[in-house]
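Structures given as C-alpha cells follow.
Okay, so subunit A shows up in both of these, paired with subunit B first and subunit C after.
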Partner chain A sequence: MSAERGLCAYAITRGARWDLVGSPELRAAGPPELIRHDGLALVVTEVDTALFGGLDAEEPAEDGLLATLVRDHDAIVRAVFEHEPVLPLRFGTVVADEPAARRLLSSSCDEVTRWLDRVAGHREWGVRVDHGAQPAEETPLTGLSGADYLRRRRQSRLDDRQLKDHQSDAARALHSALVDLATDVVHRIQRPQTLLDAAYLVPEPNEDAFRRAAAELGEEARGRGATVHATGPWPPYSFTRLELGVTG
Partner chain B sequence: MESTSSSLADVLERVLDKGVVIVGDIAVNVVDIELLTLRVRLFIASAQTAREMGMDWWTGDPFFAPHSARAELDRRTTGLEAAEKVPERAPEAVHER
Partner chain C sequence: MTENTLVDLLDRIVDSGAVVTGDVIITLAGIDLIRLDLRLLLVGIDESL
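Our next item is the complex of A and B:
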C-alpha cells in the first residue's frame, strides 16, 4: 500500500513576505507552508490523504480524529488571520501538488483579491439566542380541584406564550442593533427553540460598539429568560462562500 | 460578550462546511464533506438536546409537570434535612409523576 501524498489547504491570503512566526501548535498536521503566486498565497501542509479516510468510521468525539483535524484547521487559519486578511477554505480541501496550487491561484487571482479586500479589516462574531424555559411555579398541586388545575394549565400556557413573545422582541432588538454595526450578516440554520442564530462581519472600528450592544441587549434578553450564546472573534468563515476552480 | 475559548461545536459549525470550495481536477477528493457535516450536525443536535433536557426532560416540561418536579424535589429535600427527620415517604410524592 503506497501512501498518497497531497497538500491539505487551509486558507488563501495575500502573498506578502511574511512568515508564520510562532507557528500554531498542531496536533496532527505538519508545519504549514505558504505557496505564493501572483501576489497571493495558499496555506498548506503536506498530508497523507488516507488520514481523512478514518473520519467515515468514527463517532464525533471531543478527542477524536475529526476534532483534532478541525482544531488544527482553525489554528492554522487563525495564525494567518493574525497577520493578513484571510479566506478560509472548507475543511478537508486537498490539492494534488504545488503546480496545482499555483494554477489555482493564478486562475482565480481577481476574484480572490476582491474577496480579500472585502473581508480585510473585519472579524466575524456569532450570536445565538434561544427560548428559555418558564420559571417553575412554586405552588403545589395538593388539594387542587380538576377545574382549578385546568384553569391553571391554561394560564400557564398563556404566560408561556407571552414570555416567548417578550424573548422574541428582545432577540429582534439585539439583532437590529448588531446588524447596524456590521458590514454583512449571515443567518444560520435554526433549531425550533432558536430565536436568532447569526454571524456578523464587523469592521474593526465598530468592534467596541458591537460588543457593548451585544452585552447590553444580550443581558436584556437574558433578563427575559432567553439564553444568549456569543462567540468570537472568528476569521471570516461564514463570509467566504465562493467556489474556485481552474478554468480554461 | 467576551472572547472565550470556543467549544468544539462552535468550531465544527464554522470549519466544516463553510469557506472557499475548490472544484475541478486540481482538488483531491479525500472526504465526503456533505455527509460528514450531516453526521456531525445530527450528533451535535442530539448531544445538545440531551444536555439541555438533562436526560430527564419530562420533569421540566410544563406539559407533563405544571410545577417543576425538580425544583419541588429540591425544596422538599432541603426541608427534610432542616427538620433532621426523614419520613419513610413524602405523602404527596404521587403527584410528581
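Our next item is the complex of A and C:
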C-alpha cells in the first residue's frame, strides 16, 4: 500500500453478519466495506488521502468537493443507520490500513458498545428558532417633528424588546415540550439571532408526539414573528461527543 | 419536516462525530482548519445556499 492510500472511516456499528444492503449511491467514494472485529464493524472506503487536500471551506457550492464528500459521508452513515445503531465518526477520519482499523475496534469496544446500546431505537431531530424582526412599517419621516420622531423611535425599540421576549417565551415553551419527549438533548453553537438551537435524541415511540409538538408550538413561535427551522430524522450525529484514543 | 439543505448537512456533519486519536490515524493536512472556517461561515450565513 503506498503512503497516499488509506481507509476513510465513516462509522462504527454492530458487527452483524449483513452486508450493506442497497449500498448507497456515492459521488466520490468507492463502495463501502465493513471491517469486523470484536462484535463491531468499522464502515470504510478506500481513499487517496490527496483527495482531501483539495478541500476549501470558502465556497461550499452545491457541486463542490466539500459538498460531495459530506453527502457521501451522510449517505454511508444513513445506509448503516437504516439497519443498525450507528456511531458516526468525525468527517475526514482516515485510518492507515486494515490492521489499524481492527486495533481501533478492539481498543474502543466497550465504550462504543455502550454508546450503541444507548442510541439504539432513537433518531435525532433538530429544531432552531431565530429571533425575527417585526415587519417594518413604512412611515414617511417627512413632516414629523424632532420630538415626534424620537418618541416613535423609543416606542419601536420597546416593541422590539417585547417582541423578543415573546419570541423567547415561545422558544422556551417549545423546548420544554420537546425535551420531555427526548432521551437526551444537545444545545448547538448559537448564531447571534438564535433563541434555540437544539438537537433531540428521540425514542421512536415518541416520534409522532414529538413532531406534533414541534409543529404546534413551532407555529406559535412563528405567529410571534420568529423563524422556526426543524430538521430530521438524522442519525445521532449531535450525540457523538466522545474520543476514541487508540494506544500501543 | 423540511428537506435537508446543504447548509443543514454541513451544519450537522462538519463538527460532529466521534474523534479517533492515536497512531492508527492518518492526519489530513488542513482538515481542522477547514472545519474551523466552515464553522465561522455557517454561523454567519443563513439558508442562502
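Assume the second predicted complex is superposed on the first by the 236 of 248 C-alpha atoms of A that agree within 3 Å, B and C clash if a C-alpha of one lies under 4 Å from a C-alpha of the other, contacts with A are read in each partner's own complex, and residues count from 1 in each chain.
Operating definition for what follows: contacts are C-beta pairs under 8 Å (C-beta built on N, C-alpha and C of every residue); 3 or more make two chains touch, one makes a residue touch a chain.
As the structure is a prediction and not an experimental result, all values here were calculated from the model.
Looking at the overlay, does A:152 come into contact with subunit B only (first), subunit C only (second), both, or neither?
It touches subunit B, and subunit C stays clear.
Applying the document's definition of touch, where does A:57 land relative to subunit B and subunit C: first, second, both, or neither?
Touch partner of A:57: subunit C, not subunit B.
When the two structures are overlaid on chain A, which partner does A:179 contact: first (subunit B), second (subunit C), both, or neither?
Touch partners of A:179: none, neither subunit B nor subunit C.
After superposing on the shared chain, does subunit C or subunit B touch more subunit A residues?
More residues of subunit A are touched by B.
Regarding the shared-chain residue A:16, is it in contact with subunit B (first), subunit C (second), both, or neither?
Neither: A:16 stays clear of subunit B and subunit C.
Of the two partner chains, subunit B (first) and subunit C (second), which one does A:142 touch, if any: first, second, both, or neither?
A:142 contacts subunit B only, not subunit C.
With the two complexes superposed on chain A, say which partner A:230 touches: subunit B (first), subunit C (second), both, or neither.
In the superposition, A:230 contacts both subunit B and subunit C.
Going by the contact rule set out at the top, does A:88 touch subunit B (first), subunit C (second), both, or neither?
A:88: touches subunit B and subunit C.
Is A:70 touching the first partner subunit B, the second partner subunit C, both, or neither of them?
In the superposition, A:70 contacts both subunit B and subunit C.
Please write out, lowest number first, the residues of subunit A touched by both subunit B and subunit C across the two complexes.
Residues common to the subunit A contacts of subunit C and of subunit B are 6, 9, 12, 49, 52-53, 55-56, 60, 62, 66-67, 70-71, 73-74, 87-96, 100-101, 103-104, 125-126, 191, 211, 214, 230-232, 234, 237-238, 240, 242-246, listed in rising order.
Which residues, counting only subunit B, touch subunit A once they are in their complex?
Counting only subunit B, the residues touching subunit A are 1, 3-4, 6, 8, 10-33, 36, 39-40, 43-45, 60, 62, 66-68, 70-72, 92, 95.
Going by the contact rule at the top, pick out the subunit A residues touching subunit B in the complex.
On the subunit A side, the touching residues are 4, 6, 9, 12, 49, 51-53, 55-56, 59-60, 62, 66-67, 70-71, 73-74, 77, 87-96, 100-101, 103-104, 125-126, 133-134, 136-142, 149, 152-153, 156-157, 160, 188, 191, 211, 214-215, 218, 230-234, 237-238, 240-246.
Flag every residue of subunit C that touches subunit A in the complex, lowest number first.
1-2, 4, 6, 8-10, 12-26, 28-31, 33-35, 37-39, 41, 43-44, 47, 49
Which stretch or stretches of subunit A touch subunit C in the complex?
6, 9, 12, 49, 52-53, 55-58, 60, 62, 66-67, 70-71, 73-74, 87-96, 100-101, 103-104, 107, 125-126, 189, 191, 211, 214, 229-232, 234, 237-238, 240, 242-247
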